[in-house]
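Two complexes follow with chain A in common, the first pairing it with chain B and the second with chain C.
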Partner chain A sequence: MTAVENPASQQEDSPTYRPSPVQRFLPFAIAAVVPFILGSTTENVNFWWKALITVVVLAVVARMAWVWTPRGELTHREDMRLWRTPSDRSWAAVTTFGLLVLPFILASDFTPPMDFPWATWFAVVNLVLIFAMGAAAFNLLVGYSGQISLAHVAFLALGSIVGGIVGVQWSGGNMWVALPAAALAGAVVGAISGLPALRLKHLYLLLATFGFHFVMMLVWREYLQEYFGFVGIRFKGENSPRIASWLHWLPGIDPDDNGEFIITGQFRWYWVLMPITVLSILFMVNVVRTREGRAFAAVRDRDVSASLLGINVARSKLLAFALSSAVVSMSGVLASFYIGSRGEDSFNVQTVLNYAIIIVVGGFSSIQGAIFGSAFFWFLPEWFKWAREELWIVRDIDFLSDYPSEIDLAIKGFLVVIILMFKPDGLAGLWKDVKGWIGRSLARRGP
Partner chain B sequence: MLLAFGNFTADPSVNLQLLIGGLALGAIYAVVALGFVLVYKSTDVLNLAHGEFLMLGAYFALTFLISENLNFFLGVFVLLLVMLVFGLLVHYGIMRRMVGQGFFAIVLITLGIATIIRALLLIFYGPTERARLDLLPQGSFEVGGATVRYVDLIIFGVVAACVLLFFLFFKYTRLGLHMRAVADDIEAAAAMGIDPDKVYAMTWAAAMVMAGVGGLLFGHVTGAIDRSIEAIGLRAFPAAVVGGLTSLGGSIVGGLVVGVIEQFANGHLGTKWREPVAFSVMFVVLLVRPTGLWGRKDLERV
Partner chain C sequence: MSDEILSFENLTVQFGGVRACDAIDGHVKRGSLFALIGPNGAGKTTLVNAISGVYKPLPGAQVQFHPAGKPTEDLLSYRPFQIARLGVARTFQNLGLFMGENVLTNLLLGRYIHEHTRLIEGGLFTRRAVKRELAARQAIERVVDLLDLGSFKREPVGDLPYGVQKRVEFGRVLAMEPELLMLDEPMAGMSVDEKQDMIRYIYAAQDELDMTVFLIEHDMSVVMSIADHVMVLDFGQKIAEGTPVEMQQDERVIAAYLGTEMAEN
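Moving on, here comes the complex of A and B:
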């Protein structure tokens, strides 16, 4: 064999090909230049030149990433990596970039074409972040671990209770103490609520957890009436969360006029919610990759076989309940402080249904689907509102403007039915299909 | 104290009134539970949309009996016919494609159906609440210091008649036999020449008709007809579970037991205890005897 000239021929010769760490890293290092190209404000560089350079750079990056793809059998270690393929890695990079740039776009007074309502979208983005966290935890329990539970909203209420006790009554608006306290309480109560799972399955487990929902609603109402009366808990005003003092040195964090660092406004909330959501979702994605996470799936598929393989089924089930409930309780705390008040009717059966809609539309049993689902759930009313007011033919249909929220509800219901009938893996599955289709068509035309 | 208890009273007439109220509530639960049991028994689907089916029945009863002012029997006939058509629609339009899907996917699709029905009812009937139906005799009589409404007695009679009717139907008719065969083992039944598709369609139609009856009856005892009456579907779950999800007679016994317990919790502990107590009873029954009092026990093979 002669010496290889380029990686492309090398990968055809040898059955397995492994790029060096530098080769893996290089495309991303080059891609990191793109924001700077786009953001450069030099007067004499035309917009179209910037676009052209960006496209060329991205094409080079894509080509490099494609050529330097590991080929052949993956080792177990490689197979278990969080981002396995160049495609995964580039999507992670794009998502990171998008998450970092998004708030600046939303906060700018840029007017998109056709009066797209960006101002309201910022609030929606923040809600999506909170809901994605809760829905991903729901998916971890119901979709991935197969423990059917309708006690989901009970843990949102638990989060509000802990937020009320620890965050409001004890510390007057310290969300940072309330979050770990809620995680702890959620884990303990979640494990208790999971006890029926040791004996019951499917339908009966669903009913038992639904019973837990009603018990928790009783506790919530009693707690409210005992300490707060009918107005509910106020998480704003004097109880507003503040930025932790060890973060004050960061650039861009300035005190208000009265010297306080209160988290208000969508922009500040975004920077609080986004890292928490991203970290907890990464945490759950990682749980799925560990031994415990694989045990969840084994118990879901066949618990008797799993116990024969040496998995402690009871421990695995309770752990799934505890993990999921802890994250849901945390999202309950975040939602309480973000929305600002929680009353008697904040949690009802419709909330349970909303989470069910989110995980079905997004894609059952995939954590990615929870993100898609909650984005869809919160953006649909905005799109629909925009279409009713601005879109050239839709705005003339009176029927649509007469029943806005009802038609939203009907659309969601029809979507749930249609998705479950024709595309059970939801938007996440659709996204996978699109990616696969693009990849295949590129591969067919490629060298 | 966090959980304040109400006053316990030993007054016999109060307790008698609670008992009678509980039996009346239990009869309603039995109507709803019968709908669940019918569907679960032969198609293995946990129908979370049954409360919405019932709401549909109540609103159609409003349309046919109050707005259109049809003759009572003609109106009820039209109502049940329409509900039957809707049942067939649910099966042939949606549930037929879901046969063989995972358990939770089917539960979620019934939630989707529930959402659609709720949205459409809101669109076509509006959010304003309507007065309850007053077509059945409205009076009441006294027994030992407690009032008994005629409506409750009628509901009771109708439920008993329905259970008897379904019992005879399952036992003595050919279609009933087919339904039982499909419920036992769908593949064996199909191999014997039974069309499970038709059987399932009939089941959904029967459940919808039952929901029509339930809506008509519940429309007479609820405070007002609005979108909140769908909650009866969820509140009847304990009744269905206590009786056993596969037992027709169990639904009536479970309904009465849960109704009485709930009414006593309501009277002695306070309204807020109603649902937690009912669901706790369900919880205990689930832990001790998951198939309910008379449910079918399934063996699990590995």
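Moving on, here comes the complex of A and C:
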């Protein structure tokens, strides 16, 4: 097999091949089952053995997904699949496996050398999940639909408010009711907050939506004074979300001594946050590749020619606002219950900028980029902290440990500038290059 | 009146003190190839913009669209996206493509008015959404084959050569399956070969897909060879109308194109 520059031409050149349905799903089935087997055998198995098995399974699954991919002239149905090329399928299988095996690795009692911050990582991973969901929705609106909005944090606050009313006050810690309620409220309020977009564009729209942020803060303050007396909303303790008793038969759910299954601790939270984040991101990806999502992109690029294709530009813009705000509000509910308490200072202007950094660094108008951006945003400070404390030479520089947060910010800012200068499409673009490079070098070596 | 698909009367568009179109009347026959010609700044694009709803003409104008088998519609009472849904599609002189998106997405956007997938259906990727998506892809298949766009499907439109971009835009309006197709200088900036191809495509659209074509064109030779009926504009005024042969001999048309002195010689 010769070096192939472009996966599309690879498909045309190669002979027609169709995997059987079993072959198509087998790699994903293995990737979904093996982590639970690894996770349930806790006793008497050395961590390193498990690590070895993990790596081997990863490689096998990646290879299987790669080989068992339809090749040759694709039918429409095959062409429409989310994971179409061998490399897409391979990475999808690896990601499935990784997402499922990660909590078991982080929850194990293995301690990495040099005090690498294993324990704090779990919390960071969960925060990345929450932020990835919010940032993906933000990116769908700002990057993909081109409606510059700064009302993002207002919808996190709306999520907390709905979580406070529906989840805490009405149902005493029922997050499952609060989530759809927040989605509904977010969609309605989001469409209203998008009304300025019908007349304004770019910077003017930015200012109008920023005004909405302060309106929401005003609501928050009033609400707090009325119901909670300026302290903030507590989502912890007796208000923690739990799994209802009629669901306790589910595998992996062992009620505590008092007969309740409270979602607490990083491990349990991971299994709540990960599926919700993955499903909502898949939802947005599906929207983007179907009719209304295409209309978002059309309105972003040229609204006049979009309207001459029969797209109701006003409706399309409001839909984008509603969808984005609904998902952001849901991520606000998750963040409230996960973090445990929310006050006025949880929703400052800084947070809007953080989300802006996330989507710009991750890759504008790429939903994948939002995930990379949030990982960048949350992991970097952890690495810096670790480097300051443990890494030789670096740990001896007093200056760095005297001004930790300032140095963190400076390095982060510097990295943002570097990424924007050399990779304007952000980490998602970088990832695409890396993927292409790996694919090419594999193709060169041959199967 | 049943053989007419579009009629406009007393159509005046004014920008400040400039009358870009001044009281223009016209009738387009169903199934014909109607050409609108005229020198630069004659008001050709403005006329099309007024018909497709982008510009509002002054009061007193009448634009009537007669879809086959349906009641006559007064286009002036609709917004642009509604006019598109009625079956009037148009292209742009300087391309109305979505440059960041690939060819497939651009063509699928042409099917927007025919698909009916809702946002939530699309997000959940329900069976029905998949079925409609497949139907849309099958519908553009024909356009892709007709215009030889198969090898560009996944390329971002912005990376393609100009001639191909023009073809993609033409493909997108064909995918809309309009009754009236308005093409704003589809051959501007093309090589002779590309022009020949485009003429072939326009014929195919007219014959196979049963569309009425309203063509704006600069190139007289092209218009003379393909049009059924020609209207000539100059400085916002209609100066002549008739068959291509009549127009070639019309003194006012020659004057408008070549200048009055040449015409006198």
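Definition applied: the second predicted complex is superposed on the first by the 357 of 447 C-alpha atoms of A that agree within 3 Å, B and C clash if a C-alpha of one lies under 4 Å from a C-alpha of the other, contacts with A are read in each partner's own complex, and residues count from 1 in each chain.
Convention: a residue touches a chain if its C-beta (ideal position, glycine included) is under 8 Å from a C-beta of that chain, and two chains touch if they have at least 3 such contacts.
Since the structure is predicted, the reported quantities are computational estimates derived from the model, not experimental observations.
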>> Under the superposition described at the top, does placing chain B and chain C together on chain A give a clash or a fit?
In response: fit
>> Looking only at chain A, is it chain B or chain C that touches more of its residues?
In response: B
>> In the overlaid three-chain picture, which partner chain does A:262 touch, first (chain B) or second (chain C), both, or neither?
In response: neither
> If you stack the two complexes on chain A, which partner ends up touching A:319: first (chain B), second (chain C), both, or neither?
Replying inline: second
>> A:305 in the overlay: touching chain B, chain C, both, or neither? Say first, second, both or neither.
In response: both
> Who does A:210 touch here: chain B (first), chain C (second), both, or neither?
Replying inline: first
> So, does A:357 touch the first partner chain B, the second partner chain C, both, or neither?
Replying inline: first
> After superposition on the shared chain, which partner residues are touched by A:291: those of chain B (first), chain C (second), both, or neither?
Replying inline: second
> Which of the two partners, first being chain B and second being chain C, lies in contact with A:77: first, second, both, or neither?
Replying inline: second
> Rounded to a whole Å, what is the shortest Cα gap between chain B and chain C in the overlaid structures?
Replying inline: 8
>> Taking the stated contact definition, name every residue in chain A that is touched by chain B in one complex and by chain C in the other, in rising order.
In response: 302, 304-305
>> Residue numbers of chain C touching chain A in their complex, please.
In response: 52, 54, 79-81, 83-85, 89-90, 92, 96-101, 105, 108-110, 112-113, 115-119, 121-125, 129-130, 132-134, 136-138, 141, 154, 172, 176
> What residues of chain A sit close enough to touch chain B in their complex?
Replying inline: 142, 148, 196, 199-200, 202-204, 206-208, 210-212, 214-215, 217-218, 221-223, 226, 302, 304-305, 349, 353, 356-357, 360, 364, 403, 406-407, 409-410, 412-417, 420-421, 424
> Considering the complex alone, what residue numbers of chain A touch chain C?
Replying inline: 8, 76-77, 79-80, 283-284, 286-287, 290-295, 297-298, 301-302, 304-313, 319, 323, 365
>> Which stretch or stretches of chain B touch chain A in the complex?
In response: 2-4, 46, 94, 97-98, 101, 103-105, 107-109, 111-120, 122-123, 231, 234, 237-238, 241, 245, 272-273, 275-276, 278-280, 282-283, 286-287, 290, 302
